[in-house]
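Below you'll find the structure, written out as structure tokens, and then a few comments.
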Amino acid sequence: MADTSSDIRPTRLRRAWNSDIAWSFRHAPVAMVSTLVVVVLILGAVLAPLVAPHDPFNPATLNLMNGFTPPGVANQFTGDFFVLGTDDQGRDVFSTILYGMRISLFVGFSAVLLAMVLGVTLGLLAGYAGGWTETIIMRIADVQLTFPAILVAMLIFGIAKGITPPEYRDQMAIWVLILAIGLSDWVQFARVVRGATLVEKNKEYVQAARLIGRTPFAIMLRHILPNVLNPVLVIATISLALAIIAEATLSFLGVGAPPTKPSLGTLIRIGQEFMFSGEWWILFFPAATLLALALSINLLGDWLRDALNPRLR
Amino acid sequence: MKTTAILTAALLASTSIGASAETLRWARAGDSLTLDPHAQNEGPTHTLAHQIYEPLIIRDMTGAFQPALATDWAPKADDPNVWVFNLRQGVKYHDGSDFTAEDVVFSITRAKSENSNMKELLTSVVEVRAVGDHTVEFVTDGPNPILPSNLTNLFMMDKGWAEANDSVTVQDVEGGQTTFASTNAMGTGAYKLVSREPDVKTVLTQNENYWGKDQFPMDVTDIVYTPIQNAATRVAALLSGEVDFIQDVPVQDLGRVGETEGLVVKTAPQNRVIFFGMNMGADDIANDDVEGKNPLADVRVRKAMSMAINRDAIKQVVMRGQSQPAGMIAPPFVNGWTAEMDSSAKTDIDAAKALMADAGYADGFSIQLDCPNDRYINDEAICQATVGMLAQIGITVNLDAKPKAQHFPLITNDQTDFYMLGWGVPTYDSEYIFNFLVHTRGEDRGSWNGTGFSNADVDAMIVSLASETDLAKRNETIQSIWNVVQEEQLYIPIHHQVLNWGMTSAVGTEVSPEDDPKFKFFTMN
Amino acid sequence: MLAYIIRRVFQSVLVLLIVGLVAFSMFAFVGDPVDNMLGQERTQADIERLRQQLGLDRPFIVQYWRFLEQAAQGNFGLSYRQGRPVAEILMERLPATLELAFVSGLLALFGGIALGIFTAIRRRGAAANVIMTLSLIGVSLPTFLIGILLIYVFSVELGWLPSFGRGEVTDLGGWTTGFLTASGLKALILPAITLGLYQMTLIMRLVRTEMLEVLRMDYIRFARARGIREKSVNFRHALKNTLVPVITITGLQLGSIIAFAIITETVFQWPGVGLLFINAIQFVDIPVMAAYLMMISVMFVGINLIVDMLYFAIDPRLRVDRTAGGH
Amino acid sequence: MTATPVLSVRNLVVEIPTRHGVLRPVDAVSYDIHAGEILGVVGESGAGKSMTGNAVIGLLDPPARIVSGQILLSGQPVHTLRGDALRRLRGKRMGMIFQDPLTSLNPLLTVGDQLTETILEHLDVSPSEARKRAIAALEEVGIPAARDRIDSYPHEFSGGMRQRVVIALALCAEPDLVIADEPTTALDVSVQAQIIALLKRLCRDRGVAVMLVTHDMGVIAEAADRVAVMYAGRLAELGPVREVLTDAHHPYTAGLMASTPLASQGHRRLRQIPGAMPRLGNLPPGCAFSPRCDHVQDRCRHDPSPTLDTCDGRAACWFPLRSQKDNTPEHDQEAEA
């Protein structure tokens, strides 16, 4: 990829603007809507401190008497008003959704990143090296498949709880979640990349690169990787949605984010306890947000796969 | 779904269990761990055992003593160390064999054996001897005024049956040997075991020749007991009419269940008080940001923390009114409880801040609070509320909620400085509380005293209670111990739990403080 | 072929050993089992006695070796919680999970393939787009929420289906089945949907992508050029080629159903090994946890082996080494 | 040649709507093919050769579609047929041979299955009869030991063998017309000759009309009776192969012949046609070949290129090259200087 000097920078932008992908993006309403939703939600999460009326993670500001205030109605004891109501601890549901999404998105992105980096490297290695390295990596994948994400999280939680000093426990919980979800997700990346590498490996351009003496490492990075990126990108979007949901499931099993700093998933777990008791809003709004987020990411992933796959257009 | 023709034919052939006169479908969160009456000392296990086996004395649904296999009992006139029990005549086990004094001696010896979890309740019993077929004498190592109250969960097994099925010793888990008694039962109780799949379903049916057939309502003829762990599913089962009686209705669903036509909710104070313990004994505690000294050692800090907690808010919001704020760590019906002490806890943020300033912590400190998340009603939610309240007087609390299996070892192994604990008093007497929570942590007492509190005089007073026969003097000692506990603010009491049982309107029963329904008292109309 | 099988079996044993080691070493951190087994009134002496009895005080490697030794003979020790042999408990609870996994697997497989083909063939159709979006909802909500919503609608509000448990089961000597009773089948419906929905969506999307690829191949154009009916072009020619890659991934997918059962069983109080495992973790019942993990890894490794065999059976190109090298 | 032609195409136009505007890969093409005759269709890739073939057999991938013109199969209009009516003709009345034998056969079905399936689809014969015919078809295309090779899978045949199976498949339902789309391109030279010989023999023996699409003038010279040269979707020249090859009327055909090393042409320097065929998206005004034509006149740049019958019936060019003998390559020398 020859690097272009700055003077023709606009043309690259121009070229990007009417490139096929951009064109099909502009003509796919589903893609546009889901991108809008994702952008709005991410912005809401990132700007939470500015946007959110309350800070749900600062216990000093919570007033327990505000608990279970219905949405849009002033609380009978304190007279406070909450647009989407409050949860069992008196936290404003709207602010908690924004703050909670921060954790969910952060955990989601980091977990997928970890899984991608780990999976792609091991996949490339396994596909390219073959022989013993491939067998070992693939058997590790088998071992990994034996441990469902939930189990990995619980066991890692146990270990992490055992060794971290108490005051770091909250932050630790977040990193453990990332580790747990990431560790149980890398296998699918590895499988796809290994498959693709096996195909690319005996293509002429790879043999040509090998002929001119490029080191295996360079070959993998410069030549094979770009060609296997498409499937990886698609899996990344799908597993981002799954990672966010995995976090919610883990908190359902009591292993998720710490109770004082609930993520979107923890909110849903708390909400489901009040489903029959009439406080529907504690479950409804967070679940709707998670659905919107995960659905948009998945739809985007779908559109991306079709757009990136030239033959399918 | 994928049913093929053959299957539908099979469906017509099978019929579910015929709905006999009055089947009670009973569900609760946990299942009984084993049918061996002496292997475990734990709520759900005793509740199931009470339907099949019987102790000498039981507590009825209001918690009052009632003769069961013993008709009457009293200390021996000439020897204060001996209790005499006269046994009920003509009682038969389910397999028809007679209930005699021999069975009582066998059962008590078995309960005191190595692997039994019930042996702590019988530490004071030195010997048990049968006097004739229907009288038994308990010899204690000193006058023990409250022995009867230790026997309400000690079930009488049939010696012959146990020997025939080599269940003489209590189940030895490590030995890799499982006794016949852990999966089968032979009692004298009102119900017989029909089938049992642990954690899945246990079916009981009425014992036709039960000695008390006409003394108790006995309306329930068959019982189907299915544990349902997930609270939402448990409530759904009651709402959709799949079960008739559930023991632990989540507080938030009481409204919904109560309003539903055909369902009724009954509540009663439970024999369990919830409180926070603080490690005041240590000179510096690990989980805080104060180096060199222990903020909790200062009584003013402890009193400030107690005053910062708004117990009415917890009752109102977290518990939906289903709790009674507490001022002392003893349930109301326990000997030694006083209304005046129980209502002594006041909420006063400003006074609390003043006390914190006096103690030199004007800008507060940070500490870790250890809580269970699956033991008491809304345990995690209460802790979260406490974090919010203590933050208002400058104390930043890191909350660490975890399953009870990981939480309780922290207390018994002295690895926590600020923790939540709940305590029930099966003996209905303050001595039980002092033995475990106030006495210095030692060989056979103070195993749950995480506060590090150690006061020789108090210890002496506690030990004296065990052998003080003059009840008036005994109560006086109890009061003086309580004064020390309250003055020193060893614990921060929160509330007495309230039991919420949900049932169809056809079911008639009181709510027993021990949260253990005895179905022979149930009426079905 | 035979050599291949032997090599795979050897690798599988290796995997099992690693799983055992990893599982066993993790348990040390998950909490102290002794506490649960002793009642409120226990003393420090009791704790020591029981720890010693359970061998928890012996060095880790010895504990692990003893565990492996016993496991080889099918003796997984006693469950700390139920005091019964773990092997017996597992055998009792396994039918429930396997039946649930079987039904939801069936739902996922046939539903997934049928919908995958439909959305591939009628790619532009409105129905296909609706199905695709609806299916995404299945993947966008956590399993436990789907389960509880189903209970809320079908049990509490409509009262058609039971909200928990397995209904009446008939004992066929060692294997209890829910298929032969009306209540057993009714009890299967909601949990199977909850468990199967997620897998069905994945399989559907996989089949759709794969089928779209195959439909563009030359031999499909050639078949159409020969005037073969559209139905047999899609189902005889295209489907067979679509299923080859799908088999591998579906094999693994169904494997993870058993792992996913943990959540569904917790929500529906389904008496399977998943629920048993959750109770074991809460009670730190190490023998049950270890046995569960070993059993799951045996199943996974077994499924992997079967999937590889299937691969050979379906794709003749791989069988070339068996026939004496066609000229 | 008075009998009605097996295939006659009249002013066929195929259009593809794209975001860059509407493209016309096939623009007013007309030609006939009679029974037993092989019409070669040649041109650079992208000239619309294959598109014409696909249009005839009705396998145009959407959004491409026939906009106007007629396609008659033994006099019967075909371009109006849709769906099942058209499907029943395919295989029975017109067959198709694809370029790459590796991907044209279903890897998971035996050769026998694919043959019997096609036979049973169109001829009502018993399965055993169909199998006998399948074996006969394989023998006819020269597969040795057909009887025991019928149950093997495509990957068990060599490239050449597989192309013979493809041909057998195309002919097994006895079609009158066969469209061979670059049948030899994927094969190496030695096998190419065998396949061409096979095609010629089958065409002659069975009286099948063949439309042979290729970019290789050598194949045209070897196999075709008449040849159609296509350029940018239009028919540049059409006529008997001997005449067109030796005496091209259209400058593009001449240029093509000059740049093809035919054995029969003896030793002479090859010449290359400057520039490249324009993309359908931005065709030059007037005749599409004008920018590259060395006989270009003003008219060529303005008026749209004529159709065959508007000029001398042989080449779609305002200034067709006269068939003087002196019109030999030397003449073009000075243009080059």
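Order of writing sets the labels: A, B, C and D. Residues in every chain begin at 1.
Operating definition for what follows: a residue touches a chain if its C-beta (ideal position, glycine included) is under 8 Å from a C-beta of that chain, and two chains touch if they have at least 3 such contacts.
All values reported here derive from a predicted model rather than from experimental measurement.
Each of C-D and A-C has its own count of C-beta contacts, and the greater count is at A-C. Chain C has its Cα centroid nearest to the centroid of all protein Cα atoms in the structure. Put simply, the chain farthest from subunit D by mean CA position is B.
Separating the CA-averaged centres of subunit C and subunit D is a span of 55 Å. Centroids of subunit A and subunit C (each the mean of its C-alpha atoms) stand 24 Å apart.
With centres taken as mean Cα positions, subunit D sits 91 Å from subunit B. Centre-to-centre separation between subunit A and subunit D, using Cα means, comes to 53 Å. Shared interface positions of subunit B, defined as residues touching 2 or more other chains, are 232, 236, 239, 374, 403, 406. Residue positions 161, 272, 275-276 of subunit A each touch two or more of the other chains. Within subunit D, not a single residue touches two or more of the remaining chains.
Pairwise, the chains that touch each other are A-B, A-C, B-C, C-D.
Subunit B meets subunit A in the complex at residues 231-232, 235-236, 239, 250, 252-256, 286-287, 289, 310, 313-314, 316-318, 366, 368, 373-374, 380-381, 383-385, 387-389, 391-392, 397-403, 406.
Interface residues of subunit C, counted against subunit A in their complex, comprise 11-12, 14-15, 18-19, 22-23, 26, 29-31, 132-133, 136-137, 139-145, 148, 152, 156, 205, 209, 212-213, 216, 252, 255-256, 259-260, 262-263, 266, 277-278, 281, 293, 296-297, 300-301, 304. Here subunit C touches subunit D in the complex through residues 217-219, 221-230, 232, 236-237, 240-241, 244, 314-317, 320, 323, 326, going by the rule given at the top.
Listed in rising order, the residues of subunit C touching subunit B in the complex are 30-45, 47, 50, 53-55, 75, 77-78, 80-85, 89, 92-93, 103, 106-107, 148, 151-152, 155-156, 159, 162-166, 168, 170, 179-183, 185, 188-189, 192, 266-269, 271, 275-276, 278-279, 281-284. Against subunit B, in their complex, subunit A makes its touches with residues 58-60, 62-65, 67-68, 77, 88-90, 161, 166-167, 169-170, 254, 258-260, 272-279.
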